[in-house]
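Each of the next two complexes has chain A plus one other chain: chain B in the first, chain C in the second.
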Partner chain A sequence: MMRVLLSFAFAHAAAAADLEAIVKNPAGAPVAEAVVVAVPDAGAPKTAKPKLEQVEQIDEEFVPRVKAVLVGSPVSFPNRDSVRHHVYSFSPAKHFDLPLYVGTPAKPVIFDTPGIVTIGCNIHDWMVGYIYVSESPYYATTDANGVARLAALPAGGYTLRVWHPQLAAPEETTHRHAEVSGPARMEWVLSLKPEVRIRRAPAPRGGGRY
Partner chain B sequence: MVRLRVALFAAALPLSVQAQWSPQLEGGVVHDSNFSRAQHAEDRIADTAVMLGAATERALPTAADLIVGAAARLARYVHSDGASYAAADLTGAWRGKLGLGLTAPWYAVRGSAGVENAREEVRDALRYAFSAAAGRRSDPRLEGSAGFAYDRRVQRADLPMVPGFGGKPFSLQGRTLFARASYAIGDDVALLGSASVRKGDVESSTRRNFTIFSASNAISTDPALGPDFIAYRLSGARSATLSAGVSWQLGRHAALEATAARADTAAGEGLDYVNRIYAVTLVYRP
Partner chain C sequence: MLRLGVQSLQSRIVVFFLALLTLVQGVALVLLQKANERNARAHIRQELAVGERIFRRLSEQNAARLTQAVEVLSLDFAFRQAVATRDLPTIQSVLLNHGARIQADRMALVSLDRRLITDTADPQNAGRPFPLPELVQAAERNGRATGIVMHAGRAYQVAVVPVLAPTPIAWVMFGFLVDDRLARDLRTLSALDVAFFGRAAGEPWTALGATVSASLQDRLAHVLDAPHRTALEVDEHHALVIPLASDQADVVAVLSSSMEEAMAPFRQLGTLLAVLVAGSLAACVVGSIFIARGVTRPLSALAEMTRRVEQGDYAQPVRLAGPQEVSELAHRFNVMREAIAAREAQVTRLAYRDPLSDLPNRTLFNDRLRVAIEVAKRSGTPLTVLLMDLDRFKNINDMLGHHIGDLVLQQVAQRLTALVRKSDTTARLGGDEFAVLLNSAGVEEASSVAEKIVAALEQPIEVSQQTLDVGASIGVAGFPEHGEDAETLLRHADAAMYAAKRANSGIAVYDARMHERREEELSLLSELRQAIDWGELRLAYQPKVDLSRGDVTGVEALVRWQHPAKGLLPPDRFIPFAEETGFVRTITSWVVDAAARQAAAWRAAGRPLKVSVNISVHDLQNPELVAVLSAALERHHLPAELLALEITESGVMRDAARAIEMLKRVDAAGVGCAIDDFGTGYSSLAYIKQLKVDELKIDRSFIRTLVSDPKDRAIVLSTIDLAHNLGLAVVAEGVEDGATAQLLRELGCDQMQGYHVSRPLEAAAFETWAATRAASRRSSIS
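Take a look at the complex of A and B:
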């Protein structure tokens, strides 16, 4: 089930406006780590420049777990742990492999194809993260309150969409069109699939019997 | 100046060599319904041990798949205090994956050598173990593995009791084939199961018993279990063990594991015995 509510808090002819996106589940609970993207009707502006992004490994988890970046962005994967990580992806949008390392790899990985890139660690199977490579520079990720703020959207028409790692329906079902001319608020209600995560519980090494 | 040189050397190391030791602590309780490994009811002694362990390991700087480690363990038996021991091991392992991804098959070859000092001298031993295993996770919930293990225990003191018989009944070796599986039934809980068959030497402690006496090839006293208990070594025994358990994940760094196992041992000449072993272990990995 997907439902969209659109309301304009103010309607004035501003050149740029903020859009507040609120994402909830059917029970009304906020959904964090959802990526909200606004694609201008006129196409993504060519002036937007990718910048260096990073996804850290902290306490054997990817931080942030969901990271949205502009297509073409270089992303570094600093390892803040004392153990080695082996970060990889074989998602269609990006294949890469950073063999065992600590510290920060010398070269960032460039994400040059829009799409969703699932990343993992080949040593610690429970480590899973997602890089959402957006063709539009207008994107944001929801916080713990299920709120994402797309700041300074130029006035005009946009196709907005939402993606989440557990999204039950195809991302296309979240597409909505909106004319943005002032501060606005949109709300999505998303059904999410249960998440099956690999346990990271340590196992006893045990003693010997004879 | 020396500190400065060390710091400069460390800074010059490639990133891959700076990984640190990974410690793990564990504590638990193990109950064995037949700690004496005796056939007859009058010789069976059930006992419970409190276990504490600490281990650490790290990858070698020059070969990422090679792991070295050390472990220490204390066990205190409630009734048979003479069997209480302290042990320390050095371990080496070679492990990795055949490919990328959570469903890629993995392999692990592990060896260890250690020393075990019990309160009773007859149980002091050097211990060696080797295992090779391979496994695969078929999806995020289910993982299975199988492998081979070799264990060797060398009793340190030769304490002969009967002329013509060796005095090291706790010098044992065996070979084991095993299979294990785990299935996660939620975010925090997993079911565990394993089966194994071991062929080799076993030690059985009983009161004087002619059948086991004639089947054994090393005999000594076993005061840990009582003044009238004798330790016999039986060779060529086959032990089949089935184990089931559950593991609860407690946050990111700890787990509580409870297992129950039944081991049926057939040592030939009608000498059979059964162990039922229950263990609860709390594991913490910082």
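Take a look at the complex of A and C:
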């Protein structure tokens, strides 16, 4: 069950306001890497332009692991490791396949469909990353404290939603409507499934002795 | 020799060791069998415990291997792509292809909401709920899941892994049938029989796959209970039930090991041991027979030896090689055998040899004689027995002692032996009696041998510087004419010998009359012993008359035997053989006593008469003679001068020294003595002079022809002169007529005796005769 606590720090409306979203698990522990999106009731503003995003591969992990991007954004996957990676996704929102590359691949991948794209590496099974393709430009990802800030939200009505890779319930259950008129704080309590993770292969040690 | 009697020492030894060994080995075998069973059970338990560990480990490895194999598939990029894109034909072909590669029996793809996307077992299942949701649940928790499940009556080892892209987008399941093949694989590795059983809830156990027989599977299915770890024992099989956990249905593996297989090595050992036991029993039998023989063979040999000794065969020593005790015993037996042989030889010698002469004795002679008679009967040849008696041996023995007598006998034996052939037998029968058995010799030949013997023995024998004349009388009896058996021959030779002795002829060949005579003598001798008791002996008295005065000076008492059958027997019919046996002394005693009694009677009647008694040479050798005389005199209160003795000249001369000595003692007792039959005994004057005698009685042979033969007259005259010169009275015997009496009177003879005076008369008759004569003389004088 999800409890939604909505508190208003400021009662008066303003032209733009910041929204602080706090995500916790039922035990009260902060939940990091949760994407919080605010979708304006009036639809996404046309002013927002996609920009080049990147998800790095560092030490055989996707960094960041959870990345929210505006729909239509090109995302490059620079490889910071000395080993090759083969980044792919079979997610309905974006199928792509970047076979075995070192360094940055020539062309970024454009994520033109809103939705969640799970990315993996065909070489390193444990590497999992998520790209949240948002139709709204207002999004943020919770930090280690479970806090995400949606800055300078124009006043108005929004549908607020929270997504997390291990979300137990369908994403729709997190949807919440709010009128933003001033700085506000919202809190979500999410039940998370246990993470199914592939065990990392042991890293090669030493220098070329093998 | 193997003796199998229960009583034999050998069989006892064998049986004892056999029984002991059988007992010990039997106990050992039983203990071993029990230990083997215990070991086998422990071994099986151990084996099952180890097998269980191996089995579990194998199962885990198997599951891990399967899981990995499935994971490899699930991570295949193309497969993931196909799954992600729900490309069903591709998915199915990949599943089949990979399943074939890893020999899976059933493959399925399951959606995240646990519905079947595809199922190689049945395409119709697509869209249906996955029947093993708990595995998916476990896989969601652990990233993978394995398990053994029952489905549609079959058991599968199942692995469920996610299809990651890179998060799970579906579950892929591979199932491997739990069947005979798996059981066989596990058996290969665990070395235990494996059987799988499964049951749906509420259903009975069914066998899924096994390496054991169908019947054992049935038995196991019957005893299986709850799917717990349990140890079972079924039909000589030890089994361990291992649950292969599942929630909805039960599957168990039963590991088993046959007791028979576990026992097999022990059985081999048992067989080997049985062979060893049989071998050692055989060795025991052979060995104990061998050892027992070491004991019993010497015993048998010793028993055999004693049997031979018992039969008189001392020649064969017992030879035993063997243990020291045995050879020592054999040695002692040999020593004993030789000692017995030596003693028996000694005994035999004593029994069959005369120790003095070393000649065969009577027993051996009789034996040889019997054998010789048997041989002679068969061969038809004659044989002869010589029986010899020394004439004067008794004198030598009595006068010179037994020592000299023995030396004489030895010399006689040597002379005899020298005269006969080796094949003949010379024996000493006892005393001075010898016998010679002449084989194959007739009587004539034997007689010449006898003559040689007599001649040889007439040669003086020198013993201890003394020269002795012995002389011999030999009786000859030949087979078959004189007897056909040993006893008869010897008896007849004996009769002949006595005949020879009586005739003084040296040799006599037996004839039947001798035998009759001898027989009579022998029967008389036995009767004579009773004659005294029964009062059959009588005395007759023959008067002696003084030639010059004509009066009766005395009487000579002559013994008579009133034999109940033969009538009155004169002394020469029984005195000679009484002398031979020594019985004459008893007769003499009786005569002395009877004569003394009569003399005493006459004296009491007022007519004292000197009664003379004849004594034999044997009486001279009787040291009791004087005592007998004294006793008779005393008993009848008779003055000694009324009793006198008469002894023949030849009797005196046969043992002159003793006669001189004895007559001295008789004289000292006051009893007078006359020399009887004087002139026939070749007496030496040297002896006569020493003899304490009163009278000489001239032998009747001189008197009978005195009137007609001047030579006799000369002899008688010189004898009378000699006697008178020696102070002796002279009595003429056998005077039968008046002319002779007259001539004797003229020759100076003192007294006469004979039929001219009177024949011997019994006491009463004599008294009548004397009364009549006295009356007539009184009338003639007056």
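Just so we're on the same page, the second predicted complex is superposed on the first by the 201 of 210 C-alpha atoms of A that agree within 3 Å, B and C clash if a C-alpha of one lies under 4 Å from a C-alpha of the other, contacts with A are read in each partner's own complex, and residues count from 1 in each chain.
What we mean here is this: contacts are C-beta pairs under 8 Å (C-beta built on N, C-alpha and C of every residue); 3 or more make two chains touch, one makes a residue touch a chain.
From a predicted model like this one, the values you see are computed outputs, not experimental measurements.
Enquirer: So, does A:200 touch the first partner chain B, the second partner chain C, both, or neither?
Expert: first
Enquirer: Just to be sure I read the superposition right, which of the two partners does A:90 touch: chain B = first, chain C = second, or both, or neither?
Expert: both
Enquirer: Of the two partner chains, chain B (first) and chain C (second), which one does A:170 touch, if any: first, second, both, or neither?
Expert: Neither partner.
Enquirer: Is the number of chain A residues in contact higher for chain B or for chain C?
Expert: The partner making contact with more of chain A's residues is B.
Enquirer: Under the stated touch criterion, which partner chain does A:122 make contact with: chain B (first), chain C (second), both, or neither?
Expert: Both chain B and chain C are touched by A:122.
Enquirer: Per the contact definition in the header, classify A:102: touching chain B only (first), chain C only (second), both, or neither.
Expert: first
Enquirer: Going by the contact definition given at the top, which residues of chain A touch chain B in one complex and chain C in the other?
Expert: Residues 88, 90, 120, 122, 125, 196-199, which sit in both footprints.
Enquirer: Taking the touch rule as given, give the residues of chain A at its contact with chain B in the complex, in rising order.
Expert: So the residues of chain A in touch with chain B come to 59-61, 82-84, 88, 90, 97, 99-105, 120, 122, 125, 195-210.
Enquirer: Considering only the defined contacts, which chain C positions touch chain A in the complex?
Expert: 75, 77, 80-81, 84-85, 140-141, 143, 162, 164-169
Enquirer: Taking the touch rule as given, give the residues of chain A at its contact with chain C in the complex, in rising order.
Expert: 88-90, 118-122, 125-128, 165, 194, 196-199
Enquirer: Chain A touches which residues of chain B in the complex?
Expert: 15-16, 18-22, 24, 26, 28, 30, 32, 51, 53, 55, 59, 64, 71, 73, 75, 87, 97, 100-102, 104, 127, 129, 137, 139-141, 151, 153, 170, 172, 184, 187-188, 190, 202-203, 247-250, 252-255, 257, 277, 281, 283-285
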